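The following blocks contain the structures, represented as structure tokens.
Both of the next two complexes hold chain A, though its partner changes from chain B to chain C.
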Partner chain A sequence: MRLPALLLGPALLVNLAIFIAPMANLAALSFHEARPSGGVGPGPTLATWASIAEDEYYIELVTGSIGVALGVTVLTLLAGYPLALFIHRAAPRWRNLLMVACISPLLVSAVVRTYGWMVILGDTGLVAAVLRFLGMAKPPRMVFNLTGVVIALVEILMPTMILCLLAGFGRLNASLEEAAASLGAPRWRVFMRVVLPLSLPGVLLGCLLAFVLTVSSFITPKLLGGGRVILLATEIYDQAIVTLNWPVAAALSVLSLAVFGLALLLYGRLLRMVEA
Partner chain B sequence: MAGTALVLEGLTKRYGALAPAVDALSLTVQPGEFIGLLGPSGCGKTTTLRMIGGLIEASGGRVLVDGRDVTALPPHRRDMGIVFQNYALFPHMDVAGNVAFGLEMRGMKRGEIAAKVQAALDLVRLGHLAKRRPKELSGGQQQRVALARALVIEPSVLLLDEPLSNLDAKLREEMRAEIQDIQRRLGITTIFVTHDQAEALAMCDRIAVMAQGRIAQLGTPHDIYEHPASEFVADFVGRSNRIAGHAADGRITIGDLAIDAPAPVAPGPVTVMIRPHRIAFTAGGAGWNEVRGSVRRVTYVGDVLACEIAAGGAAFLVEQPTRPGAPPPETGTEVRIAWRVADTLVFPRESA
Partner chain C sequence: MIGRAAHRTLIAALFLFLLAPVVLVIPMSFSADAFLIWPPSGFSLRWYAAMWRETKLIDAARNSFLLACLVCAVTLVIAMPAALVLARGRFRGREALVALLTAPLLLPTIVLALALLILFVGYGLIGSWPGLLLAHLLVALPYGIRVLMTAVSTLPPAVEEAASSLGAPPWRVFRRITLPLMLPGVTATAATGRDVPLRGKPDRPAGRRGVSAAGAADAQHRHRAGARGGARADAG
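So, the complex of A and B:
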């Protein structure tokens, strides 16, 4: 073996010990059955998987989680794209400043930001007050339901999305847009035919991360959902900590891993298409 | 194509409080003419071109195409083909897609587009590479795609911003001829930006030499080279001896030498400029200026012999083609050199 390969060794070992092994352990756990007492029965058995496959609740949980994640992803993209484009086009001396401004929310943990949103979106919060001031007698409820969770997740994921978009805007440059304009393209066609296609690598990367982070998000749906918004991660927590059904929690973990795997696969496919 | 007249009237671009990048520039381009914008880096060539194309807003002045004021039109409604210095080919489209883009924007039918794209690619001799991506092409091929893309829309005006500057010397010569050929054949009014004087002299019908945002001189290559209007133009276009002198009583003195000027000169300090290859090792006669000096340095480069001659406290660079049987002069020997009075360029000293 050559030196570079050898140098990978330590990292590989650590990974094996603290990542791969627990995962394998988790996967194995899903082939056991929970005892009513909260313990884990002897395996291997497909009973846990069978119960999940037959229970409509879990099927809805998975499809619902994917649906919410897709929605949050699209909204984050729509909110982040114009900002990223603006930063990309800004004069160099403004660019760094704007970048820092955009990324600075990452310095505050998601927990704090979620609590912040609870205050802002709450029944007596800023948003409700403004809506009341504008004449709305009964502003809609925005906490302890999906609305609040989606709003907060979009905001929390935006810096990540913007970073990904900027990273993927490499092939975009002003002279291409000028060339398109000089060839007779009005602004919207310049966008559709040049800007958008060239920014797709960034869009894909941002969407992948936003999707995966939403599916695995726990704190925000837990706190802002008020127990009414149940996604994969919160359900895994409930099964593992509250119900003490470890095999189901393990099986759901494997399922969410499978969802990530699919997302990654799709990402790879699409990326090859847009970069070809 | 009949060709389109292009008129620039007092075109100005200011960036902040600095001296204007382009300063009240006026230029009338005849239909089908090939005009060069020539000047040193930063003199405002690109800025001028971008204002003509509508890529930046003019701070003042007008752009007229066939008498129509287009100053306020956005670039996509100006009908001008632009070839950018960095080509700006769309990396996500193949060569045919790049060339087809402008036609698609004009809403042309597919069949018609395909035929026109093929014809345009054949024109630049790239018909066989239609399916390649820009990154799979050499610099010269990319440049020709950019040219085809700008030409296929049959624009009223073609704007070229240093399109040859990224090419190696050999390819540059080829492309020069090719661009010139295509331009003549299509009769398309063209503005060609360059800072390479040889390129401008070789290709253009007329050249506008620019300095600090203004046109220093407008004329045919012959005019510009033989009758430069200022010391700046004489120095920028071609090479020149540049010698300080003093005009008095209708003659010009350089140290202890006295020479004639082709036209009366106002008395005072002057700069005398003579092209090195117009000076010969001969005795003068009527209509010639002759001086004696000593050979200070000899550089023999096979086809050209370059000698530095010290005379009158100044140094004269002389360049002559080498001839069989004529050995180069020895350093330190006394020689006579002469040039025609008509080749003596005299300008009042600029910072006098």
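So, the complex of A and C:
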């Protein structure tokens, strides 16, 4: 027993130093109050939590962030599902190539991909040029607002969604579909009754990851939102770095962890329902 | 068949959507314009030339590479023994330990980064190499442990048992049998361990001095944004 403890020791020590201690410290900080002069007052007090609970801005921030994350999750699923199914059904020699094409954006950081979307969606960008060419005098604004952020987030999360869906399709058996079709079911009914139910665990996992990653997304709303799209993660950053109100930033962090916890609970529930 | 054609078009459109931003960044890097315009008025290598003059960018790239190597090495040294115990050991609380050690992967990076920032300020670790190393270990270590555990659990224990029954002491069994068999996993860990810092986000607080690759991208973005206003932006 002494050897395992020795082997695990360094990892646990590092975990304690850079994960447990900072997180405990952060949670404790939310029970302090920011002084008007800057700095953190003595605790413990519920003043910071009370100010957040009373402020409509923060309530809207949390519900708005959850709403955006749900929207992005649904759109990512809708965009990812047909692609994943297409890859799953492709001939083996094409499948690997298509897989690599789908996963390759994962190897490029979100910063670069967000930058790419600025080129595409910007006022002088690709989409605006096409729309002008088609005769639209004033193309709609697609950057520095929620539209651009949602478009980019959907694209950025698609590879993750596709990976989860493909893992879920592993349970899909071509002979089941053939059986349903040979018994006279039209294609859409085969999809609704056989394909979709069997792929639900993959769908749930993909949705959980897309939701969680959207709630914690930071670079994309910051760059493509141009300071006008405020979500939980960007507000935490602004409170911590710009306003220097650490107790509020800490409380918002705890709130976002609570949102994560709820998402995980819901995922567990739904998964048990689907697999039953 | 119309349905089939529509399906094909949908798939092609979705692929285009998925790959467009990554593909478009390449021609844009050859743009001759001072700001983002599509189509560019011409193509040139001016931004590549500008990159070499941008010493901050070069420094950032070098720092990223050094940090990546450092994080990779430390991750391997710490994660390998832990992964061995966690994948092989049968003791109470093993599941809980795995969950604890890989939990940072699940949580929002901005929250982890803020927690580290607040603690690091107290110890004067902001903007220092030890701070950077620790901050990146937070993400690299869980990845390392996960990948190495998978590598260990696919090893046949019989080979190790054979070696020790022939009288090899434990460390020799590890060096001659376990380590060579683990090498594919170790390589994978090394790749991800290097990968994480290279793709690190600017929200990692200790990296806010433009040391990470993301910092470099950010600096370049600001550089162009500055050029848009007609003035040359100072990347710092």
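As a working rule, the second predicted complex is superposed on the first by the 260 of 276 C-alpha atoms of A that agree within 3 Å, B and C clash if a C-alpha of one lies under 4 Å from a C-alpha of the other, contacts with A are read in each partner's own complex, and residues count from 1 in each chain.
Keep this in mind: contacts are C-beta pairs under 8 Å (C-beta built on N, C-alpha and C of every residue); 3 or more make two chains touch, one makes a residue touch a chain.
What you see is a predicted model; the values in this text were computed from it and never measured.
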Touching partner for A:T45 - first (chain B), second (chain C), both, neither: neither
Which superposed partner A:S253 touches (first chain B, second chain C, both, neither): second
Touching partner for A:G184 - first (chain B), second (chain C), both, neither: first
Superposed model, chain A: greater residue contact from chain B or chain C: C
First, second, both or neither for A:A101, with chain B first and chain C second: second
Contacts of A:T243 with chain B and chain C, given as first, second, both or neither: neither
Contacts of A:R193 with chain B and chain C, given as first, second, both or neither: first
Residues of chain A at both interfaces, chain B in one complex, chain C in the other: none
Residue ranges of chain A in contact with chain C within the complex: 4, 6-8, 10-12, 14-15, 17-19, 21-23, 25-26, 29, 79, 82-83, 86, 101-102, 104-105, 108-120, 122, 124-126, 128-129, 152, 155, 158-159, 212, 215-216, 218-219, 223, 233, 236-237, 240, 246, 249-250, 253, 256-257, 260
Chain C - residues contacting chain A, complex: 7, 10-11, 14-15, 17-25, 28, 35-39, 77-79, 81-82, 84-86, 89, 91, 97, 100-101, 103-104, 106-112, 114-119, 134-135, 137-138, 141, 145, 199, 201-203, 213-214, 217-218, 221
Residue ranges of chain B in contact with chain A within the complex: 53-55, 74-82, 84, 86, 88-92, 101-102, 105-106, 149-150, 153
Interface residues, chain A side, partner chain B - complex: 171, 173, 175-176, 178-186, 189, 193-194, 197-198, 274
